[in-house]
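Notes follow once the structure below has been shown.
Chains: A, B, C and D, in written order; residue numbering restarts at 1 for each.
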Amino acid sequence: TAPAATTEEAPAAEAAATDAPAAEAAAPAEKTTEGMKIAYFVSTMANEFHQARAAAAIQYAKDKYGAEVVIMDGKSDDNTMINNVDMLATSDFDAAVLHVWQPDAVAPLVMNAIDSGVAMMTFFSPLADTGIPVFRSDEAGGSFAMGASAAEQWVAANPDKPIVTVQLGWPDHTEVKSGRTDPFVAGIESVVGAGNYTNLGCIDSKGSADATKEAMANILITNPDVNIIYSEAGDLTPGCMAALVDAGRGTMDNGVPTTEIVVSVDCPVSELKAIFDPSSSLKMSLGLPPIQTSEKIIDIIVGVYLGEIAQVSTPAEELFGEVYPVDFYKLQLSEVIAWYNQQFGTSLVEADILG
Amino acid sequence: MNKPIKALNARSATGKISNEAFLNRVMFLVLIVLFALASIFIDKYFSTATALNLIANNWYIVILGIGVTFLLVSGHLDMSVGGIVGMAGVLSAYFTQPANEGFSELGQGLGLPYGVAILLTLLVCLFIGMLNALFIAKMRVASIIVTLGTMSIARGIGQVAALGAQRSAGLPDLFGVIGNVPLFGPIKIAAAIAAILVVIALFIEKKTSFGRRTYLIGANREAARLSGVKVELHIGLLYMLSALLAGITGILLASEMKAGISTRGAGFEFNALVVTLLGGASIDGGVGSVLGMVIGALILGVVSSAAYGLLLRPEWQFILKAVVTFLAIIAQRYLLDRRNK
Amino acid sequence: MSSNCTPASLRAQKAKRIVKEIYVYIILLAVVTVLSLLKGDLFQRGNFLFPPNIANLLRMSAPILMISSAFTLIFITGNIDLSVGSTLSLTTVVHAILVLNGFPFALSLVIVVALGVLLGSVNGFLVMKLRITPVIATLITMNAYQGLARYLVPPGISSITTTDTLKMPEWMGHFSKDQVFMGLSWAFIVAIVLLIALVILQKRTLFGKYLVAVGGNRTAAELSGINVVKVVWGVYILLGAISALAGVARASYLLIGEPYTGVGAETEAIIACLLGGTVFTGGEGSVVKSFVGAIIIVCLTFGLKSVIPEYWQLLAKGAVLVFAVVLNHLLSKEAIAA
Amino acid sequence: METNVLQIKGLVKDFPGVRAVNDVCFDIKRNVVHCLVGENGAGKSTLIKILTGACERTCGSILLNGEEYCARSPKDARDKGISTLFQELNVVDQLTVEENLTLGIEDTTFGFLHKTDKIKKIIDVLKDLEPSINPKERVGRLSVAKKQIIEIAKAVASETEIIIMDEPTAALSESEIERLFTIVKRLREKGVTVIYISHRLDEIFTLGDYVTVMRDGMHVATKPIAEVKDRTELVHLMIGRTVIESYVPKEEQSDEVLLTCKDVCNHKLKNVSFNVKRGEIVGFYGLIGAGKTELARAIYGADSYSGEIVLKGEKLKGTPEKAIKAGIALVPEERRTQGLFTLLTIKHNISAMNLKKISKLGLLNSSQERATAKNYIEQLNIKTDSMDKETSKLSGGNQQKVVFSKCLFANADLLILDEPTRGIDVGAKAEIYAIVRELVANGKTIMFFSSELPEILHSCDRIFLLYEGEIKAELQNGKDIDSQDIIHIVTGGAAS
C-alpha cells in the first residue's frame, strides 16, 4: 500500500536533499537531544487514541532524550493544520512530526521548514513529494481481519440473511479509504465471495457523533437490513450505537449476532466494555497502540534530527507500526486488558470492564 | 429595520380562525404532503417505523425549540443552545467520573453522585443563561452578537473540560440510564420528556400570564415595560429557561451515548431556529407558537431523512435546510398577506 | 443632553471620547507586549516580535483582515452578514477548481470576484427586496453557500486538490505566500490597499456618507431621496466581492480548495468590528479600527498557540467577544445619555 | 401663466383594507399659504406622500403647472419643484449639521464629495433661522427643536416652487414658531407656494390664505381663510359636529394629599416639589423640552431620579411595575411606541396592565378577559366590530381609548396623562376630555401634562408651569389666569 514516489517527482526530492545538508552545516557541529524541541502534530485531540499518543510522546521524549514535545492540535481543520506547518520555518522548533490531512498543500511549507533547519517526518499520511520519512500503523491488515471475522460470525448465525454492510466515516480521505474502508470490505468478501453481499459504501459522518447518529438513523429507515457496520473512529461509534438503540437494535443474544455486528476503531475503554458485553452488538475495534506508536515516532524523529536517518530519500522511507484488532470472538478479555494496560499505561482489571 | 408581515394570535375580526392557527394548519398539511412525497419516491419510507423514528430522532430539537420559540416570540435570538448542549454533556460526565483513580486525565472527574452532577451541570447552564440575560436584557446588546459569544464560551468550557475531546471512561452505568429507558418501539424516555415539556410549554404559552407577558414584550417592549411587565427580568428568565432546556438536552444526549462529547450539538442552534421559523414565528417578536415549532421540527425531520434516502450525501442537508427555511418564510408571508387583505 | 454642562462632566465626556478613539490601539499594544514577554515555542528564539514571525502571521491572516474591514460597512448600515464565512469557503473552492482546470490567475480572480458579487447580491436581494430580517436571511445563505461549497467537492475527496489527471499549478501559492515586500505577500498588500480604499470610500465619497445616513436613520435617508435599497444592497455586494477576494487569498494560502475553511469567519469579523468600536445598531464605525481589531484577534490566535492548549481557543474567543461588547457598552454610554 | 400651481384630480390611494385617499379633487393657487386640515387619519399625510413620491397613487392625476406630474421619490419631487418637511423628525444623528443639510443633494464628482456654494447658502438659511447652531456639530447632540429647525432650513433652502410642511411646529417653542412664521411669510413674498398642515387651528388663521378640509380620505371643502367664520366652522367641517364645552374648575378641594414630590432631580428636572390632592385634575404646562415627559416618567418610575416621591404616605420605589401596584397608571406620550401593542388584539391590550386581575396563580381566565374588554369597549365607546381586532387596524382616537382602557383596568387612583390628545382629532379629543371628567367624578385623580394651553385651561383645577425642568409657578384655574403671563413664565420670564 505504500505510495511510491514517481520518477518525475524525484528531482524535486533530490533538490531538497541537496539543500538539507547546507542548512545542517549552518547549525552547530555536534547535536545533542538535550533541550531539543519537537512539534508533535495531532490531527485532532478530540480522540482518545491521539490523546494517549500525545501523552506518551511527551513522556518518552523527556525520559529518553531530554527533549521537549509540544502538541500542535489540528482541530480537524485544514487551515489550522496548514497554519501550524507554515509557522515551523520561523519557529523555535528543532524538529516536527506532522499529522496533516492535506499532504499536497503542506509539501512546499515542509521544504521551507527543512531549509531553515527543522527536522521533519510525518505520521499517517505520506508526503510523497517531499520524501520525508513516514510512519504508519498497519490499519489495513487489522481492518481486513475484522471484516473477515464479522462476516464469519454473521454467516454462521444468520445463514439466511445476506450480508449488507455500510461504513461510517470519511469517504473522501485517502488513508482512511486505503487503511479502513476498502480492506474491511475486502475482508468480508474474502469470506462470502464477490457478489454475495451488498455494500452500501462509506457514508460521510463529518467526524462527529451527532452526524453519525443522524446518518445511521437515516440509513436504518431506507436500509433496515444493514447488518455489518464499520464505524471508522472511536469518537463516531457512540453516535452509531445510539441510532441503533433508537431503532430497537444494537443488541445480541449472548454473543450471537441477531440484528447486526458493529466494528469500531481506536478501542477506548468504553468500547472495551461493550465488546465484552455479550448483549451488545459492538463486537470488535481496531486497537492502535499509542505508546508503541509514539515511541517509534520519537525514535525516528530523533534519528532524523541527529542525521542518522536520511531527511529525504526517494522513495520516502515508510515504516509500519503494529495494530491490535480487539475481537470478542478471537481474544480473551485478560489478553486484551494486558495489552491495554501496557499500551495506555492504565491499570485496568477485569472487574472494571465487566462491571 | 425590515418588518416582515406579522401574524396575530387570536380569532380575527371576521370570525375566521387566527393567523397562528391558520399557519399551523397549513404547515401541518405541508408535513403530510412532504411525507407522502417521500413515501412515493423512497422505497420502504412509508412505515410506522419511519414515523416513530421521526419522533425518536427529533426530540432534542423540540426541547431546544421550546426555549428558542419563547425567545423568538419575545423578539430575541438564542444561538448559544448548541454550545450549551455540548457543554452540559461534558460537564455531566466530568462531574460524575470517579475522582481518584483515572485511567488518564480524561478518565478523572469529580466523583459526584449522578443527581448532584446533573444539578451542578444545570447550574452552570443557568450561568450561561444569566450571561445572556445580563448582556441582552440589561445592557441591550443585540442578541445575535451576545449569543454567538456565549455559544463560544459554552462550547469552550466543554472543550476545556473534555480537553478538546470526550469524557466517557469510568462513567457509572447509571449515567447511561435516563437517556436510554425504552418506552415503546424506538421511543425512549427522552422523547416522552420532550412531549411533556411541549405540553407544559403549550399551556404556559397560551394560558398563563407568563406566556402572555412574553407576547407583550415581543409586540412592544417599551409598552410592556410601561404596562408594569418586568421586562429585563422576564427576558432574563427566558434566556435562563432556554439555557436550562439546552442543558437538559445535553445531559440526555450524553446519557444516550454514555459519553460527554465536546463537539456535540454543533449546529443545533440553527436547527432550533429553523424549526421555529418553519412554525411561523417571526424574529421581530410577538408572533410564534410551540405547536407550530413541533410541526416545523417534524417537517425538518422528514426533509432530512428523505434527503438521506434519496441522495446519501450529507452536504445536501445544508442546502436543503436553507431552501426549506427560505421557502417557508416566503410562503407564510404570502399566505398571511393574501389572507389579511 | 444640554443640561449636563458642568465643566467636570464635560471633561469626563471628552476623556471618554478620547478613550473611545484610541483604546483599540492600546489593546493591540498590550497584546503585543504581553505576547513578546511570553516565551512561545512558535516564535523564533521565543520572540514574538521577530520580523519574519510577524510577516508570517500577517501573510496567513490576509483573508480575515480583508473581511473584517469590509464587515464594518455592513455594521454601519445597521445590518449584519453571517454568510461571509461561507462565501469565503465557496469562493475558495471555486477558485481552486478553476485553477486546477487550467484557468490563469487573473481570469480566475475575475470570475471568483464576480461570483462574490453574485453571492453578495443574493444576500442583498433577500434582505432588501424580499425584506427578510438580515440575521435570518444571511443565516439561510450561510448554510446554502456552505452546502454548495461542500457539494462542489466531488464525493471521495475532502477538498479540491491535485488529482491523478490534474495537477495544481506551481504558481497557486504566489498570491498568498510569495514574500514580495518585507516578507509580506501580495494578499496582505492587497488587504492594505483595500483598507485604504475603504477608508477613502467611507470618508470621502457619497456612498460612505449614505452608509451612515442609512444606518443612523433609515427613514430620514429614504425621505432625503437616498435609495436605501441600493445602498445596502451595494454594501452586501461589496462584502461579497471582498469575501471572494479573501477566498482567493485563502485558496492560494492553502494550495487547496477547502470547503470548511470559512467556518467561524463571521464571528471573527464581528469580534474585530466590536473591538474596533463599531456600533452594531448602525451609524458608526471605523474601517481602520476594525482592521486593528482583526490584527488583535490574529495575534491572540497565533500568539497563544503554544502557550495554552488549542482547546482553550474557543473559550478565549468567546471571552474576547464578551469583553468587546462590555467595552463597547461602557464607552457608548455617553452616546446614549446624550 | 396658470393661477393654479397644482391641480389634484380624482386622486385615490388604497392601502390593504383602507382607502386612505378617496377621489380627492382640489386646486392650489400659486404664491399662497395653503393649509390642509382634517382629523387624524383623514389622509393628509398620505396625500403629501403621493405628492412627494414617498408612495404611489392608486389612480387619479396631479397637474403641476398644468402638466401631468408624477414623482418617483422625494428627490425626484424636489427636482420637479416640490420639497417637503415631513411629519416625523428626519435627521441623522451621526452626521453633522452640515452633512444633514446636504443629505440627498450633495455635489459629487465620480462619487467623491466636494464642497460648493450650495452648502454655504443652506447654512446661511440656517443661521437666519437659528444662529446658535454650529454647522460642524453632530446632530445627535442637539435638542429636538433644533433638529426640527435643521429640517426646516433644508426645506426652505431648496428654493423650490412648492414647499410642503407637515406639522412643522409640533416640536417648536413659541419663539421658534414665530421665526418660522416670518420665514413662511417671506417665502410667500418670494413667490413660493407653501402647503401647510397643522392640527393647531390658530396657526391656520394666522398664516393661511386658503384652507382645504379633508375627512375620511375625502375632500370636504377648499376656501379662502377670509371666508371661514371662526374655529367652530372649521372644526365643524372637519368632523361634522360641534364639540368641547368649557370646563368649570371645581370650587372646593379635598384636603387629602395623594402624591407629594420633594426635590425631584434628574438629568432634566431640577428640584421639583409639589403635591397633588385626591380628586383633582392637576395640569402641567410648559413648552416642548420643559421636562413634562421626564416628570411624568419619573413619577411613574420609568426614569431614574433623586429626591422623594410619596404616594399615599408611601415612598415610591421607582419602577413602573411598582408604581402600578401602588395605584398609578400612565398614558404615555407616544401611543404607538410606548402605549400600544399594535400586533395584538384589543382584548389583549386592555388586559395587559393588570394580568393579575384576570388570572389566578398565573393562570389566565379568558372569559374574564373578554368580559373586561367588552366592558371597556362599551364604556369608552371604542369603535370596532370585534375585540379580537388587532389594534394596528384602529384609528388614532380609538387606539388612544384602548390605551386609556388599559390604564383604567390597572385600577389606579392616580392617572398620569402625558399629552393624551396628541395627534388625535378634535372629535376624539372631546371624548377624551369627557372621559377625564368622568374619571374624576368617580374619585380618580388626574395629572394632565400637555403643551397645549387651551387644553390645560379647559380641563384642569390647578396648573403648574414648567420651564427648563423647574416648576416656575402654581396657578389656580379659573382665577388669576392670564395667558400672557403664562406664556411669559413658560418662556423663561420671572413669575409675577
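What to note about this one:
Just so we're on the same page, a residue touches a chain if its C-beta (ideal position, glycine included) is under 8 Å from a C-beta of that chain, and two chains touch if they have at least 3 such contacts.
Just so we're clear, the structure is a prediction, and the values are computed from it rather than from any experiment.
Compared on C-beta pairs in contact, C-D and A-B come out with A-B as the pair having more. The most distant chain from chain D is A, comparing centres defined as mean Cα coordinates.
Averaged C-alpha coordinates give centres for chain A and chain D that are 74 Å from one another.
Averaged Cα coordinates give chain C a centre that lies 44 Å from the centre of chain D.
Separation between the centroids of chain A and chain C, computed from CA atoms only, is 36 Å. Among the residues of chain D, none is in touch with two or more other chains. Residue numbers of chain B whose C-beta contacts span two or more other chains: 162-164, 262, 313, 315. Each of residues 155, 309-311 in chain C touches at least two other chains. Two chains count as a pair here when they touch; such pairs are A-B, A-C, B-C, B-D, C-D. Chain C contributes residues 1-4, 204-207, 209, 212-213, 215-217, 219-227, 283-284, 335, 337-338 to its touches with chain D in the complex.
Listed in rising order, the residues of chain C touching chain A in the complex are 40-46, 50, 52-53, 56, 59-60, 153, 155-159, 161-162, 168, 173, 177, 250, 253-256, 258, 260-261, 263, 302, 305-306, 309-311. Every residue of chain A that touches chain B in the complex is listed here, in rising order: 44-48, 51-52, 55, 73, 75, 200-201, 203-206, 208-211, 213-215, 217-224, 235, 238-239, 241-243, 245-248, 268-270, 344-348, 355.
Those residues of chain B that touch chain D in the complex are listed here as 6, 8-13, 15, 18, 207-210, 212-213, 215-216, 218-220, 222-230, 286-287, 340-341. Looking at the complex, you find that chain A touches chain C at residues 37, 39, 45, 70-73, 75, 77-80, 82-84, 86-87, 89-93, 101-102, 104-105, 108, 170-173, 177.
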